[in-house]
Structure formats: structure tokens, C-alpha cells
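Read from first to last, the chains carry the letters A, B and C; within each, the first residue is number 1.
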Amino acid sequence: MKNNFYNQSLITVDNLTKNDCFMLFERADEMKKLVLEKGGDDRLKRRIMAALFYEPSSRTMGSFITAMQRLGGGFVPVVGTSDSSISKGETLEDTGMVYSSYVDVIVMRHSQPGSVEKLSKKALVPVINAGDGINEHPTQALLDVYTIQNELGKLENLHIVFFGEMGHYRPVNSLAKLLTIFPEVKMTFVSPPEVKLQEPVRQYLRKNNIQFQETDDIKKVINDADVLYVTRVKKEYMAENLYHKIQGKYIVDMNLVHMMKRKSMVMHPLPRVGEIKEEVDKDPRAAYLTKQMPNGMYIRMALLDLILNN
Amino acid sequence: MKNNFYNQSLITVDNLTKNDCFMLFERADEMKKLVLEKGGDDRLKRRIMAALFYEPSSRTMGSFITAMQRLGGGFVPVVGTSDSSISKGETLEDTGMVYSSYVDVIVMRHSQPGSVEKLSKKALVPVINAGDGINEHPTQALLDVYTIQNELGKLENLHIVFFGEMGHYRPVNSLAKLLTIFPEVKMTFVSPPEVKLQEPVRQYLRKNNIQFQETDDIKKVINDADVLYVTRVKKEYMAENLYHKIQGKYIVDMNLVHMMKRKSMVMHPLPRVGEIKEEVDKDPRAAYLTKQMPNGMYIRMALLDLILNN
Amino acid sequence: MKNNFYNQSLITVDNLTKNDCFMLFERADEMKKLVLEKGGDDRLKRRIMAALFYEPSSRTMGSFITAMQRLGGGFVPVVGTSDSSISKGETLEDTGMVYSSYVDVIVMRHSQPGSVEKLSKKALVPVINAGDGINEHPTQALLDVYTIQNELGKLENLHIVFFGEMGHYRPVNSLAKLLTIFPEVKMTFVSPPEVKLQEPVRQYLRKNNIQFQETDDIKKVINDADVLYVTRVKKEYMAENLYHKIQGKYIVDMNLVHMMKRKSMVMHPLPRVGEIKEEVDKDPRAAYLTKQMPNGMYIRMALLDLILNN
């Protein structure tokens, strides 16, 4: 099987195939075993990863930096909350070329959709999109489908119910698009009308003949859900008044979880700010803390390995 | 002797025993030898430390990060001056669980007393308190007693004189409490009346039948001091007018040091902002720059080793 | 040949000799080969570098951190945009002593001229100046002359034309002074009258009997230039109205480059903010992105190696 990740950037999920996913999952399984048995190894020794985070991040940055070091590699942390604090106003293309001179792979988060692709165009090394504004977050989608595969044992004939804010939530975009490559997937998007699924994603689903519906009533679909994918209201991307209107309206508690099938999952990319009550944490369907988080590190280890080694 | 540090969090000095201290000191001696001879070794290879610093730090963070790397380990720097810049509003318990998924040990500083304990409750890996607001700083106290032991050759029958601001100064709390486990220790707290010793520490000393006094007159006790432990006025924790009232009033100069016994010590956790005049630096009793600082790294190396290896 | 870098600080270019430069260049050549063939090696294993950046930096910090890790060493990132965020008001001398207790070498950037020298005075380990305000940036000058040597095959009998803002631009200072050690170098400084070459540099050149001129007309000299060294208007160091007066006036485009000799170079320490049009990037004389940047890492690897190993 061909390693399509080798020496390539990962900007979007758009061109990923089932084969790509399963190759990554197999490598992630290997990484899990490696970490649990030995903590890691030296397969990325003398390889350096630049972590360019123009937006704050703890999960994604933390898991990438740990992933790199568990495989023996090094990292350069470049963190700032604005363009100017990192680049003094230089173009993303220049920044891409500059870091290409030093490191072997670039992981980048930025508030502007399309920014990571822009930087990658002049970069001479692979660039991984760690979130570009309200657009995409491909490694999140990959760890999500990996977690679904592990917990439900399959990725076909599933009903995924997205729940909450969609209008500014990149993990929804990447996951919804990535799910289209698996057979007979059904999706429901349950959101306040002000922050519905983004139009480009809606069109992507239609183009791929995916069965989906949009509603604001979770009760209608919760008992049929295989996965309840909960989102956070992205305060940082919206007007104050809109935030206060929708924050706290879409809450998952045990009343809701009790309506779900015995074999089903509650997921959330985290951080949560009250969207899932703590009472849910101990339910066996709760996958957000104990499944998605460690899988995030294994998937990122696998991805770095596949990109840097053939 | 049992290694009570192994796989445990270190949140407070409260339950530490003399045996714990001496086991740590012995390991720190070994670390000093190791660093001077070879710079370090690989005993923490493939182990990763998260450095969660919600407050600025250079000494503590710098020595922990160096300590980890000198033993072959890796680190994840997570630095921010507010909760939101690190966690976007998630609970400390969630942050604890998330980082537990990635790393082997968490070192944390935060402005809120009790915050580190809170995070540690859901963490699946050991958590080290690197300072929680005005509350505690246990590794500082450990390096302080280690330095006293090294310089004075004993930890019993000593008179420790704390000098300066106590009301918001976590190293005083941790050190005063830790000293209670050593026989016949006497303490004097010399401070402006506005920023006296914190009441919980006073009660802790009383409960442990420790001989101590509080005064605002250093002259009364300086000639009997074995250790003069100087503090910084913690501007970041107090009102502007209180700061200006007490800053610059409690200064250590050679006039004061000349009143001290020949075999005694001047200590300060640093940074100092004028509390000890530079003229004191060359006096053999000055331990803050050339003794406490390197010992900080050796103690943290020893602690990480004892926590992660049995 | 004696390694004059060994165990020494590098604060200024003032005392560097041709032999020093050529020893460094030779080591940098070796580093380039090493990186291209194997990514690096372990010659700095168990050595730790503190990266004290009191000013934002991506290029210099990124290349130093990468350099250290490619040689097997570790690093401590200490980043802040003000004194207080790093040091809570302690003196630079104290900070120097503190970090000396932990690490093997300190790399420092700061907004105040002379600050790095100040810190180095009490430091017990070598300190490398990574830029001190409008004063010096010696490693930039070293990578610049290394790039000139590589591209033009010589460092003598050259005409270097500096172009743009000189009044606040430390790379100009360091490079102009460093060039004085090579025979028959001629320099022209083309700048707006408000931001001419700094007087101490002018005096340094005179003292060393260097042939130089100052003008505001690039047309007069461009056809004789071997190197066109372009600068950025340092917004962060000047008044708003001065910035707007001079920004965008000194632009390099293909019209200008066409006037240059076939065998010549356009250099810029980067970041650029429009001073060199993108159309120039593909011209073979453009050295800023594809030559200077990678050379920056090789030179810093070479320097760290020469300082830490004899």
C-alpha cells in the first residue's frame, strides 16, 4: 500500500482516501503499543518540527510536541497571538520559506482560513494544518474517525449527530467531509439557527450524495445516533451578543445520554466550557476525555512518522 | 528506605518526612556529581514533562526544563499569563486529564491557591506544584533545606530568621512548614505589620509546637540567626499603595550582615528587586546566587528521577 | 589554528579576526554537509542552551534552537516582550548568574543596547548576542559574510551597498564593522537623511581607514555594487510619523536589479515588509531567502560547536 502522506503537506481532508486512513490507523495502533511499552523510540531522531502557533492552543500543540519527542525528534516553539508578534509583518510565504531552511516539518495554527495553505505554497518541507480559523482541522478529524473505528469497530453505516455551534467550528467541517469517504454514513446537524453548518460543507456533502439533515431539535434524532459529536461555542470568533444568545443552550447531560443507544459514543474535541456536564464523564459512552485525547497523540505520532519516513 | 515520591504528586510540604528529605538530598548529591562530570545522562529518556505555567517564571521553569533535559527527557512548554490563554475556559480538572494523556509528569504554576491540587485530582500522572499563588512552593523549600544542610552541615538546632514580606510569599509558607520536621528549630518572622506571616502557617507552627516569634525589629535577632531568609515584596499580589508603603523598607546591606554570626547564611529565593544590596554578594554568607540557584536544578533533577523511576 | 570562540562570549564583532571567520566558515561547511547527509549528530549532547528573548524573534530564535537540537543539545525557551515578564524586575546581572547555574550557553536578545554585555558580565557561561536593540547582531554579520564568501567566492575588493534605513538597524552596524577586516572593501550607505548610518559606526570605519560614502541616490552606485544589502524600516524603534515618512520609499524591484552586475547579490536579513518585491525572488542574484536563511542555521551550529567544544 502506498504511503500517500510521505513528504506531503496535510492542509485539508478533501483528498484523503479510505486507504490513507487505514494506513494511518495501523501506524497509530503501533504507536499506542510503543508508547505503552517503551514511551517511544528514536525513529525521528535529528528531525525537527516547527510549531508555529499564531493562535493559542494547548491540546493540539501539546500533543504534536509530545508526539515529536516520543519519536526522538526535536521542536521549535513559535507562539504568538498575532501575526506581528511572530513575523513583524512578513508574508506567510516568506515565513514558510524561512522555516523550511531550518526544520523538517512545520505544524501551523492560524486564525485566518487558507493561511496554512498560503504558507505551505512556498515551503520546501511538509506543512500540517493544525487549524486555520473557521476552516479546517484535519488531524482532529483523523483522530476522531480513528476513535470511532476503535470504539464502534466500524466506520460504515453510522449515524453521526453533530450538536451545537457549527458556524465557526473547524472540527465539524473536517470531520463531516472526511466521513463522506465511508459507506452509508448518515449525518444530522443539530444547531441554533444562527450558527448552522457552513455552506461550503453543505455543498460538499451534496456533491458527494451524502444523506444529511439539519434541525434544531436533538430529541428527534438522539435515539438513533451512533455518535453524538458535541461542539464548543467559539467565543473568539463571534460577536459578544451572539455568544451570550447561544452559549449554554446546547448542553449534554445524563438525561440526554440516557436516550442514546447502549453502543454509541459522546465525542468532543475539547476544550469544553460546560457543554457536557461532568456527570456524563463516567458513562461508558463518554469518549472525549479518555479516548479522543490519547488517540490524538497516537494519530499525530503516526502522521509525523508517515510524513517523514517512507 | 522507601521512595515515597515514586509516582506521587507533590502539592505541599505537609506530609514530607525527614527520610523523604534525606533520600532526596542523597539523590541531589548524585545529580550534582553527574552534572559536573558529564552534564547528565539518559535515565529519563522517552519521558515527557508538561510545564504548565499560568504565571511568568524564569528560575523555576528554567531549572525544571533544564533538569528534565539533563536526564534525557523531553518537555512541553505551555506558558500564558491567564487561564484563557492556556485553556479557553476549560476546568483545571479537564486540563489535568488532557495532559495526562500525553505526558509522564506535569509541573504547574498558577496564581490561584489550591489550583495545582485541583488539577492533580483528575490527572493520571504525578503533578508537581511549582507555586500556587500565595500558598505553597514545595520544591523551593526542598532546595532551601538542602542548601542549609550543605552549607551549615545540619538541619537541627537552627535559628531561621525570615525577613520582609510574608503575607503573599509562598516560599516562606513552604519553608516554615517544612522546617518543623527538624529538631529544635527556632524561627523568627521579621516583617512590616501589614504583611505578616499568614495565619494558616502560624497555626501549623503552633500545632507542631514550634518555637517562633514575630517582630518588626531585625536588630533584636540578627546576631543569633543561623539563616537570614530574605523575601521580595510581591507587587503582583498586592494593591499599589501597599506596595509603595513597604517596598524598600527591608533591605539587607553589609551593615546588617556584619551583625551576623561568622557561620551563618543569607538566603533569597530570587528574583530580588533591591532587597539585598549587591555589596553583600561577595560575602561568604551570601548563598542566594551561587548556592541556592544550582541546588535548585539538582533538587529538581532528583525529584523528577524519584517520581519517575523507582 | 586557535579556536578563539571556545568558552567565550560573542557580544560584538569588534575583535573578530579573519582567522576567526575562516575557522567558523570551515565549521559551517562541515555543518551543512552534516545536515544534508544526516540531519545532525550528537556532539552537543547533554549541553543546554538558554534562549532568552526579551524581544520577539522568529528567524534568530528558530535557527538557534534548531541548531542546538541538530547537534543533540537541549534548550530552555524564555520569551517575553518586556523585562518584567521575564524577570520581575531583577537586574540583568542577576539573571545572568541565575541562568549560568542551569545551562551551558546563553543566547540573548533584548531591546536595550548594551544589555547583552551587561548580562554577560556576571554570567559564568558564554553569552551570545542575538541582537541588542539598535546596537549589534554579530551572528547575522557572520552569516552574511559567510554567504558573500560562498556566493562571490571572495571577501576582498568588494563594493557593498547598504540600502534603506540605517539609523536603527543593528545588522548594518555589525556587518559594516566586520567587513573592515577584509582587504580593499568599499562601502556605500544609501539611506533617507533621517535614518543615516549611526555615528559610532561611521567613526569605526574612519578609524580603520575604510573607503566609504553616504548618499541618498542609489542610481549613482548600483551598477558598481557587488552586494546590495537591503534593510527593513524598524517600525518598533521609531516614531510613527517618521515611519510613515520613510516606509515604502526604498524599494528594490527588477528595474533596480537589472542595473546590477551579473555576478552580484541582493541580501536582506529578513523579515522584509515590502522592501524587496517578490518579482526579485527568482533572480539568481537574490540571496536573502535561499542562501542567507539556511546559512544562518549552519553558522549558528558552527558557533555553538566552537564555543562549547575545543
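Basically, contacts are C-beta pairs under 8 Å (C-beta built on N, C-alpha and C of every residue); 3 or more make two chains touch, one makes a residue touch a chain.
Nothing here was measured: the structure is a model prediction, and the numbers come from that model.
Chain B maps onto chain C through a rotation of 120°, based on Cα atoms and reported in steps of 5. In this structure chain A contacts its sequence twin chain B using mostly different residue numbers, the overlap staying below half.
A separation of 39 Å divides the Cα centre of chain A from that of chain B. With touch defined as above, residues shared between interfaces to two or more other chains in chain B number as follows: 77, 79.
Here chain A touches chain B in the complex through residues 38-41, 56, 58-59, 61-63, 65-66, 69-70, 77, 79, 81, 232, 235-236, 270-273, 289-290, 293-294, 296-297, going by the rule given at the top. For chain B in complex with chain A, the touching residues are 45-48, 50, 74-80, 84-90, 94-95, 97-99, 101-104.
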